[in-house]
Amino acid sequence: MKSVLPVLVVVAALIGLWYAAAVPMNVRGVLDEAERAGAEVVPASGAERRERAVWTLVVRNPGAIPATWAQERPRLPAPHQVAAELWDTTAGKSITSKRSLVYHGWVTLSATLLGFAIGTGLGILLAVGIVQSKVMDMSVMPWAIVSQTIPIIALAPMIIVVLYSVGVQGIIPKAVISAYLSFFPVVVGMVKGLRSPDAMQLDLLRTYNASAAQGLWKLRLPASMPYLFASLKIGIAASLVGAIVGELPTGAVAGLGARLLAGSYYGQTVQIWSALFAAAILAAALVGLLGLIERLVLRRMGVA
Amino acid sequence: MMLVALALVLWGLGWWLNLRIAEGPHAQSRAARLAVPLIFGAVVLAVWELLVRGLQVPLVILPAPSLIAARVAGSLPILWADFLQTFVKGALTGYVIGCTAAILTAVLVDRSDFLRRGVLPVGNFVAALPIVGTAPILVMWFGFDWQSKAAVVVAMVFFPVLVNTVAGLRETTAMQRDLMRTYAASYWQEFFKLRLPAAMPFIFNGLKIATTLALVGAIVAEFFGSPTLGMGFRISASVGQLSLDMVWAEIVVAALAGTVFYGLVALVEKAVTFWHPSQRG
Amino acid sequence: MNATTVVEARDLDLVFQTGDGPVHALKDVNLSIDKGDFVSFIGPSGCGKTTFLRVMAALEQPTGGTVTVNGMSPEEARRKRAYGYVFQAAGLYPWRTIAGNIRLPLEIMGFSRAEQEERVARVLKLVDLEGFGGKYPWQLSGGMQQRASIARALGFDADILLMDEPFGALDEIVRDHLNEQLLALWARTGKTIAFVTHSIPEAVFLSTRIVVMSPRPGRITDVIESPLPRERPLEIRDTAQFIEIAHRVREGLRAGHSDAL
């Protein structure tokens, strides 16, 4: 609780920095617009202004500063512009509208969640297999670890197109990408968790002559929970990135990735930023939700 | 059908062989630990090859490994140019700038307890966000060439390295700090002789996470616009032309680059943090 | 205060403010330690013996009274590097060799390269660790690590050695051996030693003076001047004189305990 104030100060500083950065980023555009509108700017011609450093322009035209926070297509939109766009496209639009961020967010979220569920389920199964079977451990585990160092997201465009060519479209291809991106972190984290009980605890079960299944249910699975949740948080974030990147290559019309791409085609910076923040909010909400579930589960188990 | 049957037989054979080694008396030896995954990998490749040929899977769905290998061998100049553009110029530049900036920021933040308590939660929060989404913005600002890719990489690696370094610099015990006090050590003496070495395992943890992020950032950023060069560009262009062998060839290069990059950082880590329990093995 | 007084505490008070209210860690502590003394502090946990050591080292600030070390405030004495502190755990840096650890304070204090090497070699010999300078701490036993940490405190010629249960975590056989070595070291170097311990035999065996403390509030209940000679073989622990002093310490501890109840 004692970190509330420092966090607020840091966030406020970041927002302040953002406003400050918007001034030099946008001042050229603002002055060009002002010149076209017939206003007095120094220096008067665009060619001359291009010669000057942005800071000189800001100092010579202090009156232009408020306008740098209110452009329609700024290079860097000000925080309140992004917030207004976010509010406008969520609360201000019917959620079935193509202009509603809730609609686009849901398109991405549904693929994320489906893929995450598949990837996590398979990941846990493989982890159990690896812990129970020595030959699986020795064959598969090194590759699972190596996979963590590879940008496997590069497969995404291919998966979309290949699945499209065999007639699979819509949510499934994106979910496949989300699934394999969350799969490997869950396998690696879960194996670590299932192996976390120490020798004494395992020996105790051996003195009870417990079966492998009993050892799994009564010791290994409960002991793995903290590790599982840690990798689930990494996995869900990776899933979301997967779903967003999965929307890029086919020029999808719906989803947060599609909003990013469309925004960058048409120079709609405010739209890009609001899609980016929607994705960030989604990621934060998903990770936060998992954190909440983690706390409940661990408290229920009596370990936290 | 023969080939498919052969694939199944080969799969069984490989599994049986690995089972023999894993359950055998030398399972813990270095050779066995190396052999088993390699046999597994080789069998997967062979089965892939046989199934693609046996079932006559079209090229636009899944090319055979032999075809991918031939494509790699036949396109070395292109692959090399793409590698230079994406990895060396984009990823590596961004990695060096981002990690350096993050570590320097962490050193500054660490001087103030107030700042540290504010930056840690915010940094952890930001590190979990889909930062790769900043790619379209940064492409707009820095242009299509590698500079924008390096900028995306900087944004992606900054926070994980920052958070790990800040946490690592706190990783000294009260006793170790008291000892430095009894020597009347100055701030920078304590920093260089105690806190920085103690933080190294954490810093390298961040640096290792950042290697993969750097490559991901550089490749994905090219999906938002690039010159007609680069691994991400080649992947999306080749996907469009349905030449999947080229896509796979680029993925092979990306996998190698990622693994080697990570491996090199891990090697440096081993040399620097040889004393840490996790490295003494 | 005469010329040979090294540490002088007058009406020392220290109150910690904790979440459960104030804790009176030290109350009305009066003590002077002379040059060349070996003073042990003994008492149950919470009696303030470690706190008193930390006050002398300027690791804690008293809330009342005064302490002087070599005629200065503890803070000035700390800046002049007047003492070597040995903690309960060896606390050696795992990334430095034994010699590197002993060199650490010498580097900080700005000794020349040649002098560092010379001093490291000398103190390694003093604690019987010749030949181990190139090893890493985690390659050594707990007893050897603790000896290295003593060597680290000896390297820079501080004339006061503050030791906070340095052998507390070691087994009894190792502990006996280190006690003997410490006495030999003290005889050879003539340092002033303040030594915190839980163990009555250890305190009696080592000390010229034994300070008995009791908790809530932390205070001194008895100061025993030991009549034992300075040179002490281990067998001295079986003499009547030794047992008598040990008995007096135990009585002091018990009295302090019943006061508090």
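The chains carry the letters A, B and C, assigned in the order they are written, with residues numbered from 1 in each.
We adopt the following convention: contacts are C-beta pairs under 8 Å (C-beta built on N, C-alpha and C of every residue); 3 or more make two chains touch, one makes a residue touch a chain.
These numbers were taken from a predicted model, which means no experiment stands behind them.
Of all chains, the one whose mean C-alpha position sits at the greatest distance from that of chain B is C.
Closest to the protein's overall CA centre, chain by chain, comes B. Put simply, the C-alpha centre of chain A and that of chain B have 18 angstrom between them. Measuring from the averaged C-alpha position of chain A to that of chain C gives a distance of 55 Å. For the pair chain B and chain C, the distance between C-alpha centroids works out to 50 Å. The part of chain B that touches chain A in the complex is made up of residues 15, 18-19, 21-23, 27, 32-33, 36-37, 39-41, 60-62, 114-122, 125, 128-130, 132-137, 139-141, 211-212, 215-216, 219-220, 223-225, 231-232, 235-236, 239-240, 242, 244, 247-248, 250-251, 254-255, 258-259, 261-263. Within the complex formed with chain B, the residues of chain C that make contact are 54, 57-59, 78-81, 83-85, 87-89, 91, 93-95, 104-105, 107-109, 136, 138, 162. The touching residues of chain A, counted against chain B in their complex, run 2-3, 5-11, 14, 75, 134-135, 137-143, 146, 148-151, 153-155, 157-158, 160-162, 165-166, 233, 237, 240-241, 244-245, 248-249, 256, 260-261, 263-264, 267, 269, 272-273, 275-276, 279-280, 283-284, 287. Contact residues of chain B toward chain C in the complex are 173, 175-176, 178-185, 189, 193-194, 197-198, 200, 273-277, 280.
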